[in-house]
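Both complexes shown next keep chain A, but they swap its partner, so chain B is in the first and chain C is in the second.
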Partner chain A sequence: MNGLFQHAPVLPVVIPLLAAFATPLVAKLGKTVRRTWVTTALVGTFAAVCLLLWRVLDSGIQVYVLGGKSSTLVLPSGMAFPVRILFEVDAISAFMAFSGSLVAVAVGLYSIHFLRESSALEKHDVLLLLLVAGMLGMELTGDAFNFFVFLEVASVASFALIAYQRKRPESIEAAFKYMVISTVGALFVLLAVGFLYGRYDALNFAALASWMELTTADKLALVLLVASLAMKSGAVPMHMWVPDAYGEAPASVTALLVSVSQASLYGLFRVVFTLYGLEMNVLVVGWIIIALGLLSMFVGVTMALRQHDIKRLMAYHAVSQSGYMFLGLGVGLAVLGDPVAFGAYGMKAMEGGIFHIINHAMYKGLLFLTAGAIFLRTGTEDLNEMGGLGHKMTFTTVCFIIGAAAISGLPPFNGFASKLLIYESVYLFNPILAIIAMVVSILTLASFVKVFQSAFLGPKPEGPQPIREVPVFMQVGMGVLAVVVVLFGLFPGAVLDYLVHPAAQALVNRAGYIVQVIGGGM
Partner chain B sequence: MFEAPLLAAAGLIIIGLFAVLFKTNLIKIAIGVTLIESGVNLFLITTGYRKGAVAPIYTLAPEGQQMVLPTPQALTLTAIVIGFATTALLLSLAVALYKHHGTLDARKIRRLRG
Partner chain C sequence: MLDTGSGFWSPLWWIAALGAAGLVVLIIRARGRSDYQKGTEQVKPFLSGQPEVEKQHVRASNVYWGFLEALKGYYRPLVQSHTGLINDYTTWFLGVLVLVGVLILGMGG
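Right after this comes the complex of A and B.
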């Protein structure tokens, strides 16, 4: 048991990584064995993340060393060059991993039935597990180069999964487009890591943060990191890949891609809060992030209004909703240097933004899963060709209503709780920003009312294939996320106290993050 | 000339970006991506360069000789492997697109809009 605790920070990456490469062998034993294997691996990953989360909340930041025990280690041969990578897990890392791995469990259950008809399922499972490993690795690592490696692991897995329906030329086109943009973005991350390494001879986030001097090379690295990670998290004006990739990937994969792009969002906030923090001009960078957020919110929702493909529509809403996270955390960053303002509303704005991250992962995951359920039964993603699904697909309809109410910020669902926090705090910072956020929320509601009306209401459909409820595992997958959405909405106080507040504190506590590595003789 | 490798890296990245942004042939776009990648790799290697130093193989280093830094070489090796994977996947996607459309011209392939 002690050994398990000791290795808790690395288990969430190790489990899906090993399970992924064992899957082709396990698949030889039959379909049922493979499904059980993949589901067990995903549940095991989630359990490991829960253990890690508990350790972090209970006893503070967890540091795990892969390689040389100490940074001053001298080998018996006299060589003083320790090769080591650190995993450093604080409350925000564990929070992101919790959110991502919970969605992964729901997606794993859902895809058991969803993709039953497709070929090459064992390859899909390998890629899915690699995607989870890459996502969690990005969130748990404390090393800049390691972050790039996991970013690429997650990206390559997601390119292949977007192109999974390879009979559709659109899927391959979306994958190619995303791949070019994403690879160039990732190379810019690597270039920034090179700049930082060349200056400080270190790759560890904590070590880099403690020596940060904000020279020209550091500023260049900041620009590269913010731009490429904002692109990876789908912020306008670098959002053009989002509707294509989310729209063309299988619905189960899209639900997880939302969480994967949030891992890049986490990377962005790790860079601005921990790596640079108060060393840079937080007001300027904060306003840049707020501007990205406003653009994303507004452009995302207005583009969504004119879509008639259900998944493209939801993808534009994903862009729009990530704007709220940029807004909340951007306001927190802008007032980071002003203790009075930060105490009055900055902290609250950050909590709202962070709370919205997990809420978004849950309800948007749920909405994409319902879109997949609709596609499975009607064979179309065009809203104009659907109708009357509510008569037979009761469970899917209820899940859709829960997801749509949550994304529009209606009480008592989870989106309401986080949006209210953002409105209240951002209003104190700048009333206009809060008003724009509210208008966007109303437009979101309008758009989802349209989807609800055209997909679920109306006379009973008389298509060639009979409409019935989706298989049980798909219902379980949607049910898991729906329950979380409702629970988070009913008990926002508890979630704020146990998950969100520690995460926001961890993001602000730059000195604590540094001391764990530098001061502790690591 | 210490700056020469840096200038070469910058040149490779700029040429690659130009190809990615302005070329319409999918293979040329893929070449552009690999050019950026080579530029970044060259930059990484350069950060570890020390004038007159030898390769960082500890047991083979002559007495009193400086070694170049081993970390950037390890990083570059990793980045090359990742680049191999992305290039292979990118080209295979281009092949799949060619099979569907019979052309590699990005202007004729565009179906996803708005």
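Right after this comes the complex of A and C.
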């Protein structure tokens, strides 16, 4: 058991990574064995993340040294700073991993039936596991170059999964476009890591943070990281790959891509809060993030309103909802240097933004899964060709209503709780920003009323194939996320106390991060 | 119970309040007209002389037509900027990169 605890920080990456490479071999034993293998690996990954989360909340930051004589030997004899790759898991890392791995479990269950008819399922499963490994690696690593490596692992798996329906030219085009823009962004991340390495001879986040002097090279690295990671998060006006990629990937993959994009968002916040913190001008960088958030919220939702392809519509909403996270954490960053303002509303704004991250992963994942269920039964993603599905697809309809109510910020669902925190705290910072956020919520509701009316209401559908509810594993996948959405909505205080507040504290406590990782001996 | 900093939010109290309001509605309904007869002509809505069309469904593209039409001036440049061309995607990205650079380097970021 002690061994399990000792290796807890690395298990969430090791399990899906090894499972991915073993999948082609396991697949030789038959379809059922392969599906059981993949689902077990995803559930095992989630269990490992839960263990890690418990360890972090109980004992503080968990550090794991890769490739050393001992996994706990951060500073080998004679070394002034860590030279090996370290996994540094604090509450925000564990929080992000918890959110992403939970969605992965739901996606794994859903995929058992969703893609049953398609070819190359074995490749799909390998790529899905690699995507999970890449996402979790980005969230758990404490090494800047290693972050880039996992970013690339996740990106390459994403390219292939977006192009999964390879008979559709649109899917190939979407994957190509995402590949180009993502590679340009990743190269800038690598360039930034190069600037930092050239300046400090170190790649470890804690070491870099403790030495940060904000020279011109550091500022250039900051510029490259902020712009690249904001693009990978889908911030307007760098969001245009999002509707293409989310719209063309299989719905189950899209549900997970939302969490993968959030790993880049996490990277952005790790950079500005932990790596640079108060060394930089937090007001300027905070307002840059707020501006990206406002643009994302408003442009995303207004573009969504005119869509009639259900997945493109939801993709634009993913852009819009990311804006709330940018807004909440941007306000927190902008007032980080003002203890009075930060205590009055900055911390609450950050908590709202972080709470919204996990809420969005759950309800947006759920909504994309319902879109997949609709596509499976109707064979179309065009809302103009749908109607009356509520008569026969009752479970999917209920799941859609839960997801739509949550994303629109209707009480008592989880989206309301996080949005309320954002509205109230942001209002104290600047009332105009809070009003815009509320208007965006109203437009979101309007947009999902349109989807509900178009797809689920109306006369019973008449077609060659009778409409019926989706298979049980797809229902289980949707059900998992729907239950989480409802529970997080009913007990927001518990989620805030046990998950969100520690995560926000971890982001803010830069000195504590440095001391707990490298003992302050820099 | 969620402490929002300026107040609090309790979903369970909200549901209890909703339940209480529902109860009041039911009580009022129970005191309604006794000559109400379910399944007769009297329960049908008055549609201004429009003959009843059972299989009518408004298509998604027609929903919010007025809203989109009224905001044509806003939507035209917005839609035009979504060209679908990867060159443009990259240009937007580089533009933001330069802008962020000017702000951070120029304003002492």
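Operating definition for what follows: the second predicted complex is superposed on the first by the 503 of 522 C-alpha atoms of A that agree within 3 Å, B and C clash if a C-alpha of one lies under 4 Å from a C-alpha of the other, contacts with A are read in each partner's own complex, and residues count from 1 in each chain.
We adopt the following convention: contacts are C-beta pairs under 8 Å (C-beta built on N, C-alpha and C of every residue); 3 or more make two chains touch, one makes a residue touch a chain.
Treat the numbers as computed from the prediction; the structure is a model and nothing was measured.
Q: Touch test for A:T380: chain B only (first), chain C only (second), both, or neither?
A: neither
Q: Thinking of the overlay built on chain A, is A:A227 touched by chain B (first), by chain C (second), by both, or by neither?
A: second
Q: May I ask you to decide whether A:V184 touches chain B, chain C, both, or neither, giving the answer as first, second, both or neither?
A: Both partners, chain B and chain C.
Q: Once the shared chain is lined up, is A:G493 touching chain B (first), chain C (second), both, or neither of them?
A: After superposition on chain A, A:G493 lies in contact with chain C alone.
Q: Figure out whether A:G198 sits in contact with chain B (first) or chain C (second), or with both, or with neither.
A: First partner only, chain B.
Q: If you count the residues of chain A that each partner touches, which comes out higher, chain B or chain C?
A: Partner touching more chain A residues in the overlay: C.
Q: Examine A:N430 and indicate which partner it touches, taking first as chain B and second as chain C; both and neither are also allowed.
A: neither
Q: Could you look at A:D244 and tell me whether it touches chain B, chain C, both or neither (first, second, both, neither)?
A: After superposition on chain A, A:D244 lies in contact with both partners, chain B and chain C.
Q: Answer with first, second, both or neither: which of chain B and chain C does A:F159 touch in the superposed model?
A: first
Q: Which positions of chain A sit in both the chain B and the chain C interface?
A: The answer is residues 176-177, 180, 184, 244, 303, 306 of chain A.
Q: Please give the residue numbers of chain B that touch chain A in the complex, ascending.
A: It comes out as residues 13, 17, 20, 26, 29-30, 33, 36-37, 40, 43-44, 46-47, 58-59, 69-72, 74-75, 78-79, 82, 85-86, 89-90, 93-94, 96-97, 100-101, 109-112, 114.
Q: Across the complex, what residues on chain C touch chain A?
A: Interface residues on chain C, with respect to chain A: 1-7, 9, 11-12, 14-15, 54-61, 63-64, 67-68, 71, 74-75, 78-79, 81-82, 84, 86, 88-90, 92-93, 95-97, 100-101, 103-105, 107-109.
Q: In their complex, what parts of chain A are in touch with chain B?
A: Interface residues on chain A, with respect to chain B: 77, 79, 81, 83, 145, 148-149, 152, 155-156, 159-160, 163, 166, 169-170, 172-177, 179-180, 183-184, 187, 190-191, 193-194, 197-198, 201, 203, 243-244, 247-248, 303, 306-307.
Q: Using the touch definition from the top, list the residues of chain A that touch chain C in their complex.
A: 176-177, 180-181, 184-185, 188, 216, 219-220, 222-224, 226-228, 230-231, 237-238, 240-241, 244, 280-281, 284-285, 288, 299, 302-303, 305-306, 308, 344-345, 348, 382-384, 386-388, 411-412, 416-417, 420-421, 424-425, 428, 446, 450-451, 453-454, 457-459, 489-493, 496
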